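The block underneath contains the structure these notes are about, expressed in structure tokens.
Chain IDs A, B, C and D follow the sequence of writing; residue 1 opens each chain.
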Amino acid sequence: MSKYFKAKTVDNFSLNKHFSLLNLSPLSDIDIPQPGQFYMLQAGDTCDPLLKRPFSIFRYEDNLLSFLYRIRGKGTLSLSRLKSGDIINVIGPLGNSYPVPDGDFIALAGGIGIASLLPLLDRFKNRAYLFYGARNKEELVMIDAAKGISKETFITTDDGSEGKKGLITDSLIDFLNPSRITHHASRIYACGPTPMLKELHRIIKSQIQNPKSQIIECYVSMEEHMACGVGACLGCVVKVRGQETVDSSQKWIYKRVCKEGPVFDIKDIIWE
Amino acid sequence: MGITPNSELRTPNLSVDIAGLKLKNPVMTASGTFGYGEEYSEFLDLSMLGAIVVKGLSITPRQGNPTPRIVETPAGMLNAIGLQNIGVETFIKEKLPFLKQFKTPVIANFFGDSIDEYIHAAEVLSNAEGVHALEMNISCPNKQAGWIVFGTDPKTMEQVVTAVRKATKLPLIVKLSPNVTDIGLMAKVAENAGADAVSLINTITGMVVDVKKRRPVLANNTGGLSGPAVRPIAVRMVWEVYKVVKIPIIGMGGIMNANDALEFLIAGARAVAVGTANFVNPTATIEITEGLKRFLKEEGLSDINEIIGSLKVGS
Amino acid sequence: MGITPNSELRTPNLSVDIAGLKLKNPVMTASGTFGYGEEYSEFLDLSMLGAIVVKGLSITPRQGNPTPRIVETPAGMLNAIGLQNIGVETFIKEKLPFLKQFKTPVIANFFGDSIDEYIHAAEVLSNAEGVHALEMNISCPNKQAGWIVFGTDPKTMEQVVTAVRKATKLPLIVKLSPNVTDIGLMAKVAENAGADAVSLINTITGMVVDVKKRRPVLANNTGGLSGPAVRPIAVRMVWEVYKVVKIPIIGMGGIMNANDALEFLIAGARAVAVGTANFVNPTATIEITEGLKRFLKEEGLSDINEIIGSLKVGS
Amino acid sequence: MSKYFKAKTVDNFSLNKHFSLLNLSPLSDIDIPQPGQFYMLQAGDTCDPLLKRPFSIFRYEDNLLSFLYRIRGKGTLSLSRLKSGDIINVIGPLGNSYPVPDGDFIALAGGIGIASLLPLLDRFKNRAYLFYGARNKEELVMIDAAKGISKETFITTDDGSEGKKGLITDSLIDFLNPSRITHHASRIYACGPTPMLKELHRIIKSQIQNPKSQIIECYVSMEEHMACGVGACLGCVVKVRGQETVDSSQKWIYKRVCKEGPVFDIKDIIWE
């Protein structure tokens, strides 16, 4: 059982202009991925693009690995050109995973962040209050799939083209307002763009200071440029409070998103 | 059908000798691209490597640069890790024991901000059981000399290599910077100062600009270029060095497969190191070793040493 | 709806000034990749170019190197044309008249084996009507000084630039070799010796080995690396030069599209040259000019000069 | 009418492991190619492979450009991955062409050299004595097409797996033997690997010295590594006798295969 294996493209279909779903059938025995883990993927075998790119496991069913991806630059563009039958080399599953929730929980997805959170919603069906925001309707994908496995779903778009107009974090703030609590969730799981995570961090800080709040924990999946995905290059580090360092004078240390992450306790991250 | 001695004879010899260090094959890992070995141990049997070169170490731990530290370029990548490392002591205590279980020499890559730091790191590493050779990274700025890079000024380099030579009895490999006018000269200086071998090339300084933000993509502004993009430059430099030094050369820069490794060996490298390719293909080193074996068989050669430096050049 | 002055205002200014030479846009061709202009005239309107830089000329015609002269490398190519050219006289007689019909300045790239040859070529070209500026290629070996490359030794370079400066009143561009330790220093030497501008980078020396034949692929053994592979190195060098000279910089090395050109402009180049990209896309220059215009509009800028050297760097 | 145009892949089918046929439909008006001319082709838009590669026009019918190619390295490999509907940029037609034959003629094709000669056979149907050699059966393609438009066809393979065993130039020597001439051809057109062309040169020299020989002219299509294909880079030169140089002391000059060629009079080439 190796974490470096060949897989055959079963299909690779475009959901809309920006998003596609890739289904891969591994050609050898693989480790079973956990929600929050990721794989390094690359189409083709030329030197441009050179490096593999990280993608969260979106679904694992019937030994099929599914990835939901957004076409951004040359790596994802070349991925979008994979055709059924094409064979690629894959590394994974990599990184840690979301800790198992106890009871109901909140999931906060910004844009393509849904890809990472969906397996969590799916494994713990009907236990998540899903907050899912995006720029516009086109950037919201898999809503039906997500709704079907969530307890309740809150949708926002920046332009109001779907769901409520506004930021998803504002909807979350409303929901968390201690004076009108309607839920029993004590944990938040989040994946999305850095500005969203920073705002979440602000929200969490004020929640924790508020004795009436139920929220006690928050886990976020972080993104950084990666080269190796396996902890070797030190390219993907984030600043984390230095609790584990011998030298207590050290306020922070770098941890590798690909190895100690991608999932971190939001309190441990130093947001700059 | 009884004993078949021929099938044994047909397996060509891949072992090479680098300054007294016997490698079972000429394929090693490039510093900084293979962590401390353990990161890749779930992908391949580390005993199959010619040598393991670990991430550059300094006398005290370093945090390295802020992010982004990595950006892809055409057929290459820039890195500005900033030499983040756990320090020689922690390496010896926490990482070396793991590496000792494999039948593969461990080469400790190290560096410093000053000659003293180099000496100090070399001494500590030399006393550690399980370190088989030292590789000096001299592509770092010299704090004392006003941040002139050790590896780009012949005098500064001579001083630091001479000093380290006195501090260690282990085979000493000097890793050359390609950011110089005359790499042959730098190699000769290293040889004269007591290096047992040279390795090249380290990364070439480069920059990528984010045109929307009008900022360099890397937090450190510049980074080191590696990967296939630099290979023709690296092969040329190995050849230039081969022409002027007698000590063995470890060649690297953009080696992705056996053919690439052969370019270096033929140009004069006695061993090769695989760097960026590990990121793309964690088993690249093993596949390259297999490919070398296949090439020798196809060419009817019995020993890898027959091809080292075998380049026939035009007038 | 009457006169719409706004639509005119909205077309941003692309013209730049290189040592008194006014270019309608900052996109020129790189010497040796655009022949003498006519080769590409069936693909694009040469009047749309910022400037045409022709293949390097010497005082007497040259045959150049044997073949193979070209080999592809990852995201790049090596060339060892060996400066084949028809010589300054034939250029003036047979090629220049064709180029004069376009409203585009002609920059004559030239070189020599000795300082005398440089002076001689510069004089002849300066007297030719229709040559608007000279670009000195100093990446050639100096016969007199025992084949040391003019462009890699500051003293040798100073001598030849000083000599040529006296021989011409045309704007003088010195084209820097990237095969040096400190490109900033070389640029400063050129500036002090009287250059009106510097252009960079020329190609980086590289080699590809045919492992079956155990020979270099190129008949000349080594060749010059160009194309996207070198771009991060080139951008870094332009930035290093921008920090230390006052004269304008013409940036080049792997520019394939407008984004690439912008990297150079933001890093400090006042104009850019497109080389290898012409081979892949004969209309690359025109598309880049269009792309620059689009970028300025999108960013709400009215003048390309606003972005030149606008790089914001971290500490 | 530009020589740089976009074309749509109509189909790209594999004849066997080594050879494929690519049919392109130009998306704008193009110049009509002549036999012997070539195009610069490239699949994909990444930097690896970087340069376009030269391919002879194999057929031009109903405004469809056809290319017969042999998969050798990364350029032709990536070409072989073009799918119907893919759009690529093309430069051409480039170079000179085979001079028009008067009467019957001989065509000598080595391996993929057939691609360049076939349009000539086709335009001057049933006037060619075709000599077509290859390493083995698999490397002989389009034999039926070639036979149908040739006066007579001579086939050899190195291993005898098809046609006569031996070198195609040996068959040609037999045929040209002045003591048993059965033809009226005075011209040879040739395209193939350099060793074959060198042997042809040797044959031609002895033919010309032989007063009984009918052969008076021979045109060969040359190959060199190309970067630009349009005469700008000077990468693709061959040594040609210096008849056109001002300075008569000059024994040879370099000519560009892409511009003054690819077709040259065999006598003008300096074979080294």
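FYI, a residue touches a chain if its C-beta (ideal position, glycine included) is under 8 Å from a C-beta of that chain, and two chains touch if they have at least 3 such contacts.
Just so we're clear, the structure is a prediction, and the values are computed from it rather than from any experiment.
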item: Set of chains whose contacts include both chain C and chain A; value: B, D
item: Chain located farthest away, centre of chain C as origin (C-alpha); value: A
item: Comparison of B-D and C-D by number of C-beta pairs in contact, larger one; value: C-D
item: Where chain B and chain D are represented by their mean Cα positions, the distance between them in whole Å; value: 46
item: Gap in Å, rounded to a whole number, between the CA centres of chain B and chain A; value: 36
item: Rounded Å distance between chain A and chain D, as computed from the means of their C-alpha atoms; value: 55
item: For chain A, residues that touch 2 or more chains besides their own; value: 47-49
item: For chain B, residues that touch 2 or more chains besides their own; value: 74-76, 227-229
item: Chain contact graph, described as a line, ring, star, complete graph or other shape; value: complete
item: Contacting residues of chain A [partner chain B, same complex]; value: 2-4, 42, 47-52, 75, 89, 91, 224-238, 253-254, 259
item: Contact footprint of chain D on chain B as seen in their complex; value: 74-75, 228
item: Residues on chain A engaged by chain D in the complex (per definition of touch); value: 46-49, 74, 78, 83
item: Complex contact set, residues of chain A against chain C; value: 47-48
item: Chain A partner contacts - residues on chain B that touch it in the complex; value: 32-35, 39-40, 42-43, 55, 63-64, 67-72, 74-77, 79, 81, 84, 227-229, 256, 276, 278-283
